[in-house]
Every structure is written in C-alpha cells, then in structure tokens.
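After this come two complexes, each holding chain A, first together with chain B and then together with chain C.
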Partner chain A sequence: MRPIIRRMARMAALSVLLGAGGTTAGWAQESQVGSITGHTDAGKKLYRRYCIGCHGPSGDGAGENAPWIDPKPRDFTLAVFKCRSTPSGALPTDEDLFNAITRGFVTTYMPQWRPLTAQNRTDLIAYIKTFSPKWRSGKPGTPIAIPAEPAPTAESILRGRQLFQRMECWKCHGPAGHGDGPSAATLTDNKDLPIRPYDFSTGTRFMCGATNQDLYRIFMTGLDGSPMPSFADQLKPAEAWDLVHFLRTLQPIETREAAIWRDWLNTHARELKPIGPGGGGR
Partner chain B sequence: MVRRFLKAAAPLAMLVCAAMAPNPGGSTVAATYTAAYATYTHRIPSFARKYNLPCSACHTAWPELNAFGQAFRDNGYQMMNDRDSPIWQNPSYIPVTFRVTPNWHREGATKQPVDPTPGVPSCVSATGVGCVPRTLMQSGFDLSGMDLWTAGTIYKNISFVLLPSADANASFHFEAAFVRFDNLADNRWVNLKVGKFELDNLISEKRFLFLSGNGGVYQSYHFLPAGDANDFGLGDNQIGAELSGHSQNSYTRYGVALLSTSSGNPGLVSSNAYDTYLTFSHAIDAGKLGVERLGVYAYLGRRPTYFQTTDSGAAIPGTGTGNKPFYRVGLSGDFFFGDFELLPLVMHASDDKYLANATPSNGTLPAGAQAATWNAGFLEAHYYVSPQLVFTGRFETVRMAQQAISGTQKNLGDVDAFSGGVRWYPIMFSRAGLSWHTEISAVRMQGSVFAGSDRVWATSVFSGLDFDF
Partner chain C sequence: MMLRIFAGSMLVVLVGAAGRGPFPAGTINGKVTYTGTPPKAHPIDMAKEPNCVTQHPTPVSTQDAVTGPGNSVRYVVVYIAAGDQGAPAATDTVHYDQKGCMYIPHVAAMQVHQPLAIFNDDPHSHNIHPLARINPEWNKSQPKGAPPIRTTWEQPEFIAVKCNVHPWMHGYFAVLATPHFSVTDTTGAFMLAGLPPGKYTVTAWHERFGTQSQEVTIGGAETKTVNFVLTAKPY
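This part shows the complex of A and B:
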C-alpha cells in the first residue's frame, strides 16, 4: 500500500473506532427517569454527538469550545451541579439532570435538548455519571419538599423586597436585579473562575427553571459550585415565597406578580426606600 | 433553481432529455431530469461557530437535520436561551459560510441520438431522424458551484437568510433570501417568512446526502412528462410568504405558504396567480428507536399557458394568462431504528391537459388530449456508523398513470432510479467541516427517440471533497 493510502486507511479506521467507541467510561452506570432506564453505552454515543464539543472527552468541561464559552461548561468529574432538588452538597437525582438537559440553561450556551427522545436524555445521564467516582460511592440526596404556594399579594411582594434587602441579595444581584451589585465583580465559582450573578432583567426564565416552584427550589438548595448559597436554614417557607413573588417583578416579562406590583406602585411608590445600603424599607 | 453540477453534466444531460422527446410515432414521451442537476445542500457552520456546537448536534450527518436541528431551524435559527440576538455575540462574529466541492465524476447515458459520422451533421435529436443511438460517457475532475451563506438573527425573534449561489463558473443568483418573524405574539405557532425560501418539505432536497449528477436530485420532486409546459419542481425554492408553527420540541409542525407562480425566478416573469403549499407533520418519541415523523403535503399550483405578446410574437414577461392547475399531494416520513434511518415518500401528481400538452388555453388541444397524471415515490435509507460516517441508499420510481395523449404507450416515461454512497467526515467540529463523498447512481427511463420500448440508462459515479467553513 502506498504511504498516502496507508495514512488514509489509518484515518478511516480511527474514525470508525472513534465513532464506535468514543471516550472510555470507567464503569457502567444506569440512570432511571420514571420508567425509562438509561444505559452508558448508548449515552456515550450521544455524548459524542451532542456534548463533547463543550464538556470534553473526559467530561471535565475542557471541550474544544470551552475557551470561547462564558460561563464555562460544567465539569462532570466534580459531580457538582447547580440545579438540583436535593439539599446543598448532595448529588442530584437523575430527574434533576434530566430536567437540566431538557430545559438547558438560559443565558448560557447550554441549549434546550427537548427534541431528543426521553430515552436519549436518560442515556446521556447514565454516561455523564461515569465521569465522577462520586456516583459510584454516593447516592443522590432526598429532594426537598416544596410547600403549597400562597397567592401573591402586594404585601407578599413588599415582604420579599424587604428580604431582598435584609438577606443582602442586592450585594450580588444588584438593587434592581441586574446582576451588578457591589460584590458582583469579585465572585468566583468552585473552579475559581469569575462568575456573574443572575441578571433578572434579561432572562425570561431562571437558571433552573421557569416556574415559581423552580425559584423557590433555588433558594432552598442553593446553586452548588456557585456563590449562591442555600437559604434553607435562614428562610422560612413563607419568606421564601415572598422572595419569589418579589423577584418575579424584576423579570422582563409580564407576570401576575408584576401586574400586582405595578398597581401597588401607582399609589404607593413614594413610600419605598431604594434597595441598597441602609435602604429597602417602606 | 440551483443546478450544482449542471455545467459539467449539461451536454450529456441535454442529450438524455432530448432522447425523451416525442417518439417516432409522434406521441409524447415523458422526460425526466437526469444527469442534469444536483441541488445545493445546506448546512451552516456559522451557526456552529455562533453557538459552539459540533455539526453533529444539529445534523444526523450534515447537511441533513436531526430533531434538534429541526427545532433550531423552526425557532428561526435560535436556541431560545435569551442569547440569540446578535447583540450578545462577539463583535468579530460574522454569520457567513462558504461551501464548495471539488470532485471527480463520470456521467454516462445510453441510446443517445448522435450523428452517424461525427462532424457530419445529419441528426435531428428531437425526433431521432438521421441519428444513430450511441452510449456516451464523460469523466474528469470538476468543480461544483459555491454557496455563500449568510444567515442568523437580526434581532431576537427576527431571522434572516441571504444565500447568493454560484455555478462552477461563478455566475451568481439568489438561491434564498428571506426575513422571518418568529414567535409572533409570543406564540411559537405563528411565524411569518417572506422572500425566497425552500418549501417546507419533510424530506429536504436541500439538505440531503446525495451529490452526483443522477442521484443528487429527487426524481419525484422534479419529474414532468415530456412536452409539459409546467416548470414546477417541489425541490425548488419559491418566492412568497409562509406562515408556519411548531410545538416546543418541533415534533408537531405545520406550514401554509402563498407563492408566486414564477417557480422561484425573480422579476415577476410569470402571471398574477398564486400557488399554495400546505404541510403538516407529527413526530412521536419512540424510545430507543428514536423520533418517528410522518407528514402530509399538498402543492396546489397554477401556471400560465400563454402570454401577451408584442414585436412578432415576443412574450411580455409577467403577463401570463390562461392559468391552468396542477397539484402534487402525498405522504412522507422520517423513521429511525436506532442508527438506521428510513425516509419514504409517496406522491400523486397531475398537470392540467393544457399544461401537459403545452397548449395555450385559447388554442386547440391535440386529439386525445387529457390531463397527465403520475405516481412517484422513493425509499431512502441511511446507516450512521458514527456521526462521522454514514452509508446511504435510495430507490425511486415514477409511474405514469395517465399520459397527456390517450392511447400513448402506458409506461412511456416511467423512471426508476438507484443511488448509493458513503460520506466520511474526517473533519467535523464547531468551526468547519470536510466530507469525502463517494456515490454511484443510475436512472432508468422508459422510451427513447428511437423506440418507446427502449430503456435509457443514465449513470453517475462521483467522488468529491465536500467542505465548508
């Protein structure tokens, strides 16, 4: 065989091997979402097709596109996940990962993978779990309970606004929720990379969902790997709902909380002190 | 209409088509597009650069879209992550993609009417008088045309495409140019597109995996009986407006298009009539098998049969009148069985008797004139060894149901087509792509200028480096 033909044959063989094998997983894993069982082998092929460019062959978030992406892709080898239903520090459930893949992450490069079949997404979870030994030795935490949501009122929004002041949310998220608080520029994630607080004024959804329940869950579980802590020990459920109702008024979309707040402001705006150092009261 | 390898194949293609002109008995013989053109196929690395995704995220094997790519397209080339507006892009980002395919190919055709002695003219190819049948071959290194894609978002929920295309000699035309208003009233079921665009075909001829002279076109989309005045092709981009919508995962989709009768040619060259194209498809999540989609389509069109004239009978563009109807209706699907994909299509087609006999509606039809009707279909198969290696095959058939002149040999003009190939993508990442494409194809047509019982074969062998960046 002539050298160039040998070279091309080797490249073809390599391509086939890559296609058939892809990266090697340390061990087999399964995932379970409802009645669907996900498998590592199937997930590996899908990971190579959809995920490898950002998350990398080893799942460490060092894919070929990672240098150009901000925020950086998740490092699966650490098994630290922002969006969970489980308490801070615990592994997420398979459903949590499934939901994250399905919904994507607003204002990032992680798209919604909703068009993939549920089986595909479950297979991907099985493979993602092979990247960290934590999945071998540990089990997911127990999902937190989310109590029934009280109806939003002007009073609950006002109380939420006071909490936004008192819990110093504004220091990172900014007085108007623009992600421009005085501490914003100093924040780093668990890999010491700069991280920006969520800007409520540009995203139509939240990082971990679009509903009030999703926002409540974020308060109570925190976003592991980011400076956003869990407030499970500091906020009572009713207070968390108040905060939810207030944050809903900061979004660039029409929400029922925004409508209630707008009506209230029409007659009471002068009663409010601005949020910030020493402010936030009525 | 883009005719990608037209330049190279044109001389032979003309002969093949001529061979399908009226037969010695004078009756009409159906013609088909063979060895004449392969359409451009579309995929857009500028999107991959914008969103940092590999080609395989949106394409089963580029340029064919997978379910995720279909949803991206349906969303107006948006990921819907609140970062689609160009204001969020690095200012150095330019949404431009180039594509060209240097290649070697061989085209062949049997029973072609030629002069008995080369250089000594005696052959009238349209009738076969003074001709002898020969098998003709062409082969050599060649160049495709070029796509110069620019596409993306002008603003959140306002998308655009501008696609100047060139043939191999760099003669440009606008293959596509449109603006699309997405998610009107914050509703994904209401999207409005205006301009020149691809019809909403479930099985796209613009994004398929065949490039050869005979395989690079769906016969079903372009077949017309010989002598038919219609110029419509379901695979051709059209000019008009399209209202479309889709579910959140794009498993359910619809499209309603109002189109000029110009077959995609700009300049108001046809008539004041309009065509309508209706599509609907629904997909289901079939678990381990994949996404299974089934759709229906109906193209209801009209074409003028004569024009106002001046200066010794010269037709005045845009004054077409005596519009007569035609239609194309059918079912198509996209079915996955793991890494194996099947793409079936069936079609029933009809052209009015005036169109089918190329007769002005204010004129006299030939004796026995009637509408031409035919049935067509294909079954295409793909096997994805990996995102970087795919094997393809296709069988296609066209059967005349009713000839334009009664009493004409029933199977005259019937077509069978076969294609098979392999595409290997040694380079596939989120900045550019290169595919080594190899394909063979053959088209068998019933009837030649010499005899209706003849079977004319047109064959292609193609191997090229298909790259874009």
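This part shows the complex of A and C:
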C-alpha cells in the first residue's frame, strides 16, 4: 500500500512540474549515456552552432547546406535511423545516437564529432529527440544479442559466400561486393531519393563502424530508412558470423579472413562457381 | 422509428461482448467511379528478374490507377470513418502475397491490431519495406522459402509498401480504426455489412485520386447505396 501512495505522490508532483514548465519536451527528452545525463537546453545551443547548417532549424534535414549534400542530412522528424543496435523499426538507444555522432559516417558528409565533449554529445541527443513525437510515445528497442564470434575458417568463409548468394546480397552489392548489382541503379531511400549500396572495395570502414561486431549488427538490424533490410529473421547467429567472415574478404585491406581465403583459393579456386544468377555454389 | 433505433442500439450493447450478434444489421454498398482523365496504366518491365518475366505470359501493368468499364475504379478503400459503435474487432489474418514480383492484393485493408501475414511465393528474395510515418518504418528481407512475416500495426495510417530489389513493386497497407472496411473490386463495387443502426461517415480513399466522405444513416436491417465519384488526374 505504502509504495503505491508514494508513487502516486511522485506522479502528482511530476504533473505539477510539467504543468508549470510550459513546454514539456525538455523534461521528457533527456538522454542518458553511461553516467552522463544530457539536457535539451544545452543541446539546443550546441545544435544551433554545429548541426543547424545541414539538419536545419526544425531538424527535418533541410538546412541551408542540404541542397549540395548527397546523401541528404538525416531528417530527425521521422525518428528513423540507420545505425542502431535495435531491431528494424525500433527506435535507437541513446548510446546508438552517441556512437553515430562520435564516429560520423564514412559514407556521408557527417564528420566525426570527437572534439565535442561526451557531455556535449549527450546533450545534443536530448535535443535531437525533441524533433519527433515518437520519442514521447515510444521507447528504444532492446539491442540485439550478439554471441561471441567464432574463429574465422575457410569453411565459415565458404558458408558465408553461399549466404551472400542465397540471401541475394549480390543483387544490390554486386557479385564482388562493388555495389554494382542489377538492382543497384534503381535503389531509393524512404524519401524516394536515389541511394547507393555499399561498395566493399572502397575502404576499411563500414557505415556503422569498422569491427566485425559492427558488420554483424548492420545486416541483422538493417539500416532503417534505406533499402538495406534486416536479416534477423533469416540468419542464425552462426550464419551471421559466416557472412561477416566472407564480407571481410571483399575489402581492399589485409584482414585475417582475407589471408585465410587467399590460402584456400590457392588450391581450390576452380571449385567455385561465380556469384550471380544460378551461381555461388562450390 | 425512434423507438426502433433505440431498440437496435440497445441490442448492440447487449450482444457487443459476445461478438457479431443478431442485431438488425444494415449494409452500405455502392460503386466508385471517376471523372476526368486517369493516368494510363503502363506495362511493367521485369527484365531484371527473369523468373518473374516467365511468370507473366502477358506483361502486367502498374496498379496505382486501375480503372474499368463505366469509369469504375479498383483498389479504393471504403471504410467507416466516424460513427462506429464499438463493433467487435476484426481478428482474421489478412494475407499479403508477393508473387510474380507483384503484391497481391495491391491494396490490403486491415484494422489496427489485426494480424497481418506477408508471404513470399516467389523462388527468389524480396524485401518488404513499409514506408510508415506514424507507425514504425521497418525493412525486412524475405528470401525464397522463408516463413511468412507476421505483424500488426498499432496506429491508423495508409502505409506505402515497396520492395527495394524490384523497384516496380508498390502497394499499400490501409490500417484503419474501424473493422468496417472494403476494397473496391474490378467493377468498382464495395460493401460494408453488419452495421448497427446509427449515423456514419463513409470515406473512400484512393492512392492517386484522393479522399471523399459522405454521411449515411442506417435505421435497421436495411441496405443503403452510396456512390463516390473521384476526380482523376494524369500524373
């Protein structure tokens, strides 16, 4: 009985606070990253200094620089984000947004914001969340579980290659991962704007990070708003790791996986059918 | 008359908890036609997916403006926009198929919370990308042989659906607050049955020709006919 009364009293006190506060967004949209609490007021000042040029005063991605930027700046009013730890369709966690601001996106004009303090970045997240009512009505999703990575082997790379064929990754990303599959030219995002599939031969980093875990997360959560779907319902964790190991062999850098694969190809290359329509087997 | 309406609504209250009861249910039916010039349906080039080409001996056409004899319009969602009296929720599962690189049906109507099952009947992969704005926007891959994707929508919304792999694949989920809805057939006909007596707003929605509403009063076990004439514009 007592705790219920206490809870009711607390709720009454809160509603008084909310009523007196005028706009309630500031209270409702706090952010929390580790031990740091972010605040919208501080975030707003930072946003108007660093973010407004591209993302715009109302957060809709239509800032004054936007016409010259491709892909377009994120529209925060939709609350749809590519790099998340949460399932497709779910809101990202505050940590996900913090990581995105910190890391930037190698595939876009969004720079790294490491010069800003962790407190600054957390404040910005609190403010960004005021642009969409979805943050008031909903909660972030639960991050997907990522089991420990098994050691890469030639067999796991081969299985991953078969998945690249069977899941039809090549239809957009191309048979060699160069972003030139048959559907690449017609891809559009959720605003009907043209968008390119990732070309694995262009660099060492992916859109949402550089580690094998980041890669696992990208195709198991999907990049919401983009054509990249979630494969969480289609791949078991072991299969997802197989696919990670294969994708690592497509990069232009010396990875563990690339070395294993090169060795295997030295003696078995002729056994492989090329990726593509009707192909991909051994 | 007043007495009959009153008695009717009393019955609704009485049977409401037990499901679709024996109240004197009315029906609203009618046809949807257009005036003006609709855009021409054009054949879809599926060359990118050879298997889908062979599934269609005659090429299929775009479905965003399907018209028929007598200026009838297909795929118009007609539904009760106001006046619902706590009717039982629709609980049967709505099926949405991907076959021959087309969505069947092109427009699927459902109530909020109603089970929706999305099937892939093709021997290759599709991704289902509902471009929701109010509901969560998600995007899931469904390779060949994958089990149906089972989901529900929580908020009323007309949600455009697309497949990114096959850019011609376009459809709609019409998520409605009411269990009373109908999608017009090849003759432009619709029917809303099981309506207890009352005053209703009936709305017709078409993805290109817009929205129209009419007021209809149902007094008992009667059928009222209302027709909609939408204004068609070429692109």
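Note that in this section the second predicted complex is superposed on the first by the 254 of 282 C-alpha atoms of A that agree within 3 Å, B and C clash if a C-alpha of one lies under 4 Å from a C-alpha of the other, contacts with A are read in each partner's own complex, and residues count from 1 in each chain.
Basically, a contact is a pair of C-beta atoms (placed from the backbone, for glycine too) under 8 Å apart; a residue touches a chain by one contact, two chains touch by 3 or more.
Because the structure is predicted, anything quoted here is derived from the model rather than measured.
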Pick one for A:D224: touches chain B only (first), chain C only (second), both, or neither. second
Have a look at where A:V106 lands relative to chain B and chain C in the superposition and call it first, second, both or neither. first
Which partner chains sit in contact with A:G89 here, chain B, chain C, both or neither? Use first/second/both/neither. second
On the A-aligned overlay, A:Y50 touches which partner chain: chain B = first, chain C = second, or both, or neither? first
Touching A:P115 in the superposition: chain B (first), chain C (second), both, neither? first
Max touched-residue count on chain A (chain B vs chain C) belongs to chain B
After the superposition on A, what does A:L187 contact: first (chain B), second (chain C), both or neither? second
Any idea which chain B residues touch chain A in the complex? 51-54, 56-57, 66-68, 70-72, 79-83, 248-251, 285-288, 290-291, 385-389, 424-426, 429-430
Under the touch definition given earlier, write down the residues of chain A that touch chain C in their complex. 78, 80, 87-90, 138, 166-168, 171-172, 182-183, 186-188, 190, 222, 224-234, 277
Given the complex with chain B, which residues does chain A contribute to the contact? 11-12, 15-16, 18-20, 36, 42, 45, 48-50, 52-54, 64-65, 68-69, 104-120, 202-205
Inside the complex, what are the residues of chain C that reach chain A? 48, 50, 124-125, 127-129, 131, 133, 136-143, 146, 149, 164-167
